[in-house]
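Working notes for the structure below.
The letters A, B and C name the chains in turn, as written, and every chain counts its residues from 1.
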Amino acid sequence: MDLFVSQLMNGIERGVIYASLALALVLIFKTTGILNFAQGEMALFSTYVTWWLTEQGLAVWLAIVTSVVLSFLGGAAIERVVMRPVEQSSPLVIVIVTIGLFLAFNSLAQVVFGVEAEVIPRAYPNERWDVAGVNLKMDTVVLVGILALECVLLWLLLQRTKVGLALRAVASNPESSRLAGVSVGSMLMLGWGLAAALGALAGSLVVPITTALNPASMQEILVFAFAAAALGGFDSPLGAVVGGLVVGVANALTIQYVDALDGIELLVPFGLILAVLLFRPAGLFGKVHVERV
Amino acid sequence: MSADVPLLRVAELSAGYGPVQVLHGIDFTVEPGEVVVILGANGAGKTTTLRAVSGMIPARGTVEFEGRSLLGTRPEKVARAGIAHVPQGRGTLAELTVEENLRLGAFARRDAQVASDVERWYEVFPRLGERRDQQAGSMSGGEQQMLAIARALMSRPKLVLLDEPSLGLAPIVTQELFRVLGELNRETGLSMLVVEQNAGLALGIATRGYVLEAGTIAVTGSAADLATNDDVRKAYLGI
Amino acid sequence: MSRTGETAPGVTARPAGAGGAARVPRPAGPAGRNPAWLVTSLVLSVLGAYFFVYYVPQNYAPSRVDLFTEALFVGLAATGLNILTGFNGQVSIGHGAFFGLGAYVTALMMDDRAYVEFAGREWGLGDGVPFLATLPVVAVVCLVVGALIGFPALRVKGLYLALVTLGLAVLFPDLTKRFVRGTGGTNLVGLRGADLAPPDWYDWFPDVIADPLDDYVGARDQWAYYVALVLVGLLLLAVHLIARSRFGRALIAVRDHEAAAETVGIDLARVKVSAFALSAAYAGLAGSLSVLVARQANAGRVETFQLSIEFLVALVVGGTATVFGPMIGGFLVVFFRDWIDQQQRLEDLFDSSARAKLLSPAIFGIGLIVMMFFLPDGIVGGSRRAWRRVTRRRSHPIT
């Protein structure tokens, strides 16, 4: 039982990590209809920026905030310069361009910041508490808190502000939005900027917990994030969070209890992705398009 | 009516899609308070005309709104200048609620009367009020057309461009629609440029009209003249 | 008449008014039956044949010959991907898995020590089977596996399909680690030099082409190269024939408009699954060839993903939906990677060869993006457009 609970906690922690990156994927998919294969590597690069800033003597929290802001600007710039010309193109072109970004960010991170694994200092003390026999880690609490905060802010932005309305409008019908006076380009840049910022935050908080920072840090996380986003529905932020938790817990329990999948645990997320896409392409929370003509 | 400057002046307008040219230099005007209708068969260039005016496709010639050139202006800027375009097919933001659709219409406004305007259009179009929290895409075609018009009006435009508002609607719904449009024009003096195939209804509310054929203006005249013109009657009124 | 001034290549503007004379459609093909084109292509073919059949294997050092072999099999895998992605419009970023499958099947059949551990039993897959005999097996295995994976693809499309195929690239190495018992219990299946030696009958060929067998090193790389060359030649011919066949037209029709293709009686499921199976077989055979050069089958996550991407790069750089484009792309990718890796100046610049080597993915990545902006139809597609423009300008307008 204890083992089960500790695996459950472990799964929740991982799930929150996947959810944070899945949120970024969803933001971009919602606004531009693109699956961004480079999301993980963009977050990786941002995390390297955080690390570099701490190396320059900046306090960790300050480094994270700076990196998040820079990533927002960088994400918006990528949308404008790299994605805008191909946004209406075929899936092949979009895959190629996002894979191009993937390669570029991954290797540039190494060229610029070095190939050795780096340690990012933690932004908060590494404490553990014993709550009713359950071992509760500060990491889990902080990650859950940050994710909850992200969700609330995102919900407020999308549902309660004019800019949020415009963002959703662009996702729904760019042409009508333009005719209503919305600058579609700015909204797409905003979407990418927000996604990059979320990724930067996720990476900067996650890497110190899981591993030292290395060029492959984000790749497995991206796979799980895709599974989370697929499960929840690529256009649903709420779905991303629930999906992330489900995938995280399912994976932790698989590793613990299913010997048949030893070493091939990644079958779980990809199996999920395939199953969802085959049988319920809109995901658990995605909107099935209802439209009368 | 202001002395000499028309609300919208279009001259020598040419436009098309890629290598295909659709409009071959057309001229028309809309005076303040007027409803102007453009009639024409499929492929005559009616929709292209509206798209060129609101900056959705590149064009050559002159497009002046209140004396200022609009040519080459991006659609969102044209919208902010006071032209609201109701596109063909209604352009419903399907995933948003009815009320969100309306609030989006007021996106470019900076004043504090958006909420009261929303209520005002719910009074004009009671069906929308009943469905304010419903997903807009789930409404009937007629309701979506009402929504599209209300959304356009939310920007408090000086000129509304309507692209075949009757398309795909039942005759009784179309009649109701044009009744409302006519009322709007009479009561508020709102100017409209309407593109239609249903010439009878459109001429009923119009001041003047133009007939577009293969990208050029073939006939112009007052609504009454057009309604009695033999060629127009044969071609567009089915008489 | 100024209104036809903006006519794009390939689009004939409708003649305006009664004055425009009707246009005669141009003959099909890049340049029709232009005699200059025939002569040029004849000369190029002879020179090309001399270079690839004789000059490369006889004059280059074994490591360089191996590089040519590598270019051939990367190009071959890209050619296979082209059947799926270029002609049929289904994007895969997981073809490294089929490539790996081919390599493993070949290596396991040739090696007498390695085996697959599955369902509590050891499956040897053969001891000392000659290389060429493994090829039909690889083709069949990959056809079957490709078809099986093609079935879900019937419902999953576009970017979603790309995501699913990414799973292939990520999972395949894990699967080999779990089930393959190779050298030292790892998933690496290494082959001994003797396993890779050319067969006896290779000695029957005149020494002009084949170095005598006792010159082991020279013979091995030449043997590998010739095998690759012949296989690639046959499979390119097959693509050429497919592209002109009913099946080829069905592939393109399904890519361009699925619903329309279905209404004219094309069996969507059959076409899409066949495309997947065929393309997997090509990638698998490319993997088999890789064993001759690498002398092993080995799959790591990074390598399998990188290979998958490399095939895609070769495909789009060369030109999608062209017969020779992916092969040309394969050569460019392999030789470019090799060139970058050898740049001493970069190593000096970064103070380490490890860092300098990292630059090639970055350049690949940025190059890909730039390519999509300016030459989305690849080198072959782009030069075909350029050629058409040149010939059109030169030839008298048909009236």
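Operating definition for what follows: contacts are C-beta pairs under 8 Å (C-beta built on N, C-alpha and C of every residue); 3 or more make two chains touch, one makes a residue touch a chain.
Every value quoted in this text rests on a predicted model; they were computed, and no experiment measured them.
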Chain whose Cα centroid lies nearest the overall Cα centroid: A
By number of C-beta contact pairs, the top two chains: A-C
Relative to chain A, chain with the most remote C-alpha centre: B
Centre-of-Cα separation between chain C and chain B, whole angstrom: 53
Centroid spacing, where centroids are CA-atom means, of chain A and chain B in whole angstrom: 43
Whole-Å gap between the CA centroids of chain A and chain C: 33
Chain C to chain A touching residues, read off their complex: 85, 89, 91, 93, 152, 155-164, 166-167, 170-171, 174-175, 177-178, 301-302, 309, 312, 316, 320, 350, 354-355, 358-362, 364-369, 371-373, 376
Interfacial residue positions of chain A with respect to chain C in the complex: 34-35, 37, 82, 85-86, 89-97, 99-108, 110-111, 114-115, 216, 219, 223, 226, 230, 262-264, 266-267, 270, 273-274, 277-278, 281
Residues of chain A defined as touching chain B within the complex: 162, 165-166, 168-169, 171-173, 175-184, 287, 289-293
Residues of chain B defined as touching chain A within the complex: 54, 56, 74-76, 79-80, 84-85, 87, 91-96, 100, 103-105, 107-108, 135, 137-141, 144, 151, 155, 168
